[in-house]
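First chain A sits with chain B, and in the next complex the same chain sits with chain C.
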Partner chain A sequence: MNNEQIFEKVNQVFRVIFKNESITVNRETTAKDIAGWDSITHLDIITGMEEAFQVEITGFEVMNLNNVGDLLDLLAQKLAE
Partner chain B sequence: MQAVLKDIFQTVSVSPNRKALIIASDEWSYAALWNYATAYSKWLNARALPDGKIGIYTDNCKEMYAAILATWLAGRSFIPLNHKFPKERLKSITEESGVVGIFCLESSQANCLEFLPQEALILYNAATMLPNVELSESLASEDLAYTLFTSGSTGIPKGIPIGHRHLQALLEDMKERYPLGENDRVLQAFELSFDVSIACIFTAWVQGATLVVPDLNGITAINAFKAIYDHQVNFVTLPPSALFYLRRLRMLSMPLPWVTKTIFTGEALPYNVALEWKSCAINTSVDNAYGPTEGTVWSLIYALDEHTEEQTINGLCPIGKPTRHVQMRIVDDKGEDVGQNERGELWIGGPQIFHGYVNQPDKSKEVVFQDNQGVYWYKTGDIVLKNDHDQVVYVNRKDNQVQINGFRVELGEVEHHLRGIIKSEAAVVLAHENNGVLELFAFVQGKWDEPSLMNEMRLKVPGYMVPRSIFALEALPVNTSGKVDKTLLRSKYLIR
Partner chain C sequence: MVFQSWYFILFLLGLSVAQNFLLPTQRWILLLLGSFFFYSLTGWQPAILLLFTISITYGSALWLSHEKQQNRRYKILLLSVTTQILLLSAFKYLGFFNGLIEGISDWMQSPSWVQLPQLMLPLGISFYTFQSMGYVFDVYYNIRKPERHFGHYALFVSFFPQIQSGPIGRSKEMLPQWKSIALPQWEMVRMAMMLFIWGILKKFVIADRLGIYVDEVYDAPQQFSGAVWILILFLYTIQLYADFSAYSDMAIASAQLLGIQLPENFLFPYKANNITDFWRRWHLSLSGWLRDYIYTPLLFAKKKWKKWAVVYAIAITFVICGIWHGPKMTFVLFGIVQAVLLIFEMQTKDWRARLSNRLPHWIYQPLSIALTFVVISFCFILFRAEGLHEVKAIFSRLSCWDYASTLDYLKEKNGSVLFGLFAMLGLFLLVDEKISSVIRNQKENPRKLGIYFSIMMVVILIGMVLGKEQFIYFQF
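Now for the complex of A and B:
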């Protein structure tokens, strides 16, 4: 899966979680940018990514995610392993 | 000067270089905190705003913490304006309570202009350019310290004014119960609009300890864990639901041996959650702290011990005994005291109890009264009992109030807004627990599009009040008495 495909799939997960088809995230997107992005939706996002990409993400990895860009990098790294 | 400010100033004078505040990789000494607070208060006075309260927009930066002290130094009180709340709600809060100025970062200016004009905004960067204005002196002890807004069943948030005298009564107990000093690091993982933040901030600062604040965006529990780990925090306050996130993301295998005190609060504490936390924070003692905002953060506290397990009801730990200045009664429907082990409503009284809601005299009369000794009492609406160990145990609520992520939510308020959107009474909201986390689910009658209903709700209520799912049904089922059949809705749609 290349970076573009990862990016598209990540956007799909966000649209499902926020029940909003018009959402498009970018590398700089953070919780401050999307209404309703709280602790429980953050966990939904992580769970959604785990299911969509068939990977396991730990809390220690979540700790270091400051924006969507960090998430994209983490997913790319996990898919390459 | 208020006692709380005097206590802080004591540390500023004796140990100015001691760390007062750590936020991410940024920190302030007590001297820096005080200098900024003084500068902001002078700036506030120089603005010559009309009489009224000062809003503090929750930028969750160092400056925000100095602004709290600044409002008090300037002889004012503050109202937290949670940036995560919808604009409509913040607008109603600022109007309802007479906010005349708002402290904020320059980056939040555009948001705050929705509530007040430019000349009423106090920007931190501008405030550091010191005008030469004297501080106002000697506030009376009755002076208002802050006002917090909580969910109201009629759709209007209730403003709860808390005075310095109330806060002082709480802090006297805190200092005695939790003696802290230079080497203690205290976690503050709550939004300023949630009153537990006040207890964390001032329990630390009046004793010269260091306050550690994690990022409050994303998963707060994870960020709190990171802060505990990175800064070796030893005094931790968390809602029990934090453990759900830590467990789910496999973080509880990391030992935190330096944590010596943990307070669980904001929600009922399941005993197994306390045990799970102790498997990670192996050297901690655990307290369960209970209290409505009306009673100034905490009114009863229970210290878990070897007898806790046998005292649980429905797996929940007791809420213990009243704090130093709180009196308590457990009463039946007629207001008569009930006996040991009998269930009744908890009433709390004493100098921590507020005197009534902002602009809601009728609601205030329902729940607050003064006895013939002049003591204020608050009827909590919580059903409790006193067990054989003389510990109070929480049983359930008298009404439709629930705690979501530590926040008090009136189901009636969520229904009120939902009904306003669909312009019909055919809406019902249920709270349902999944894996130890309580969530809201709504049911509406008619062909409604869930995403657009969710978006409209997000414009009206804070995130924690937006239902996790909204089910649009052809018709809401009714039971034999003609009421919406909540049991059926729960079993058909929510039990997985």
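Now for the complex of A and C:
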């Protein structure tokens, strides 16, 4: 899976979680940019990514995510392993 | 040395002027010496303990950076955090264990089998322990590299404007500031002075004035009716905010005069429309710390539990939040009540959203804000009461609507004065945000600031005659 495909799939997960088809995230997007992105939604996003990409994201890794760009890099790294 | 004393103001101005004679890269030395001098005024033993905490956390972070193996890093983190928690417990919680032992002995009808020694509580220990512990977590999670400069790190933990009662600083924002300290521009100095004066006003005129009414009723809970108690619960809620936010404003302003930015601690908490919102506005530096270092790791460690992971993480986080405030069962219960309320709100989120869509905004919003204020006021009984017996006594009085004694109280206090007091508090809550935004705006019209300054000074001069009290949050 290349970076573009990862990016598109990540956006799909966001649209499902936030029940909003118009959402498009970019590398700089953070929780402050999307209304309703609280800690419970954050948990849904991480578990949603795990299911969509068939990977496991640890709590340690979650602590290092500052924006969607960090999440994309982490997913790309996990898929390459 | 309290912020609202002439000694502190002279000390602060002295440091501020002395900074001019040093290079930006040397100013940290002056601030570190000043911070240790300031802290040593509470005694040399607390200063040694502070130095010990600094050394332990400084060393653990360096050790963490040298270790690559994850399980060994985890062990180092555990060792560092355990040492700090043991230190904090030794000074803060031995009395709590004594109380537990006495309780068990009473229940078993036998004499206490052990009595733990009671140590003097070093000023600000809960605050600087959390601040330095947060730094170790940051290095463990690779959020930042360890600070190799011992002086910079020591200043990060001991910086005098914040050591007594926060705001709890984060290493990512605070540590880079020591490398080169620029002197504040005139606009910043003006803003800092206005913020400091606003803090003095909130402390002297609002918090201490309300304290007179609150203390009288809390000192003799059985003598007052339910109606008086409700009045006092509301007054204490405002007193606590005015007192603690006054302290925070003065801490932030003092740091700004020295060219340092501290994090904000409040975001108009009584504008919150539910308890979840309240915790996003109240004591931000503590709630943010708990969210990042306790709640989030717990939540993601049990993420497979889905919604139950949230319940689990909220419960543990808020019990810790309660215990952090002090060695009393009332604080533990405060944490538990907050957790229950937050879990309730999580479960009713969709229902509340539907309700807010059905009701007009002008009805739903003020009602939500008022209800949140009332709930918080009741929760703060656990904050102010001496023990569970007092909480029980207050609740028994709350159900006692003795009109005659309520009227006596209003007559004694002069009903019109009380009405005026309430009008003033309502005004304070309404103008709080406006005043805060005006005095924090560096580009504000100087004439407008002059008017605000004059009004605040007049109000303070009137309030000065009302006496001086200590800040409530110093006890934590």
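Throughout what follows, the second predicted complex is superposed on the first by the 81 of 81 C-alpha atoms of A that agree within 3 Å, B and C clash if a C-alpha of one lies under 4 Å from a C-alpha of the other, contacts with A are read in each partner's own complex, and residues count from 1 in each chain.
We take it that a contact is a pair of C-beta atoms (placed from the backbone, for glycine too) under 8 Å apart; a residue touches a chain by one contact, two chains touch by 3 or more.
All values reported here derive from a predicted model rather than from experimental measurement.
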More residues of chain A in touch with chain C or with chain B? B
Can A:39 be said to touch chain B (first), chain C (second), both, or neither? both
So, A:65: does it touch chain B (first), chain C (second), both, or neither? first
If you stack the two complexes on chain A, which partner ends up touching A:31: first (chain B), second (chain C), both, or neither? first
With the touch criterion stated at the top, can you tell me which chain A residues are shared between the chain B interface and the chain C interface? 39-40, 43, 46, 58-60, 62-63
In the complex with chain A, residue positions of chain C that touch it: 70, 141-143, 291-292, 295-297, 299-301, 303, 306-307, 309-310, 346
For chain A, which residues are in contact with chain B within the complex? 19-21, 30-32, 35-43, 46, 57-60, 62-63, 65
Within the complex, which stretch of chain B touches chain A? 84, 217-223, 225-226, 245-246, 248-251, 254, 405, 437, 439, 450-451, 454-455, 458-459, 463-464, 466, 468
Touching chain C in the complex: which residues of chain A? 39-40, 43, 46-47, 58-60, 62-64
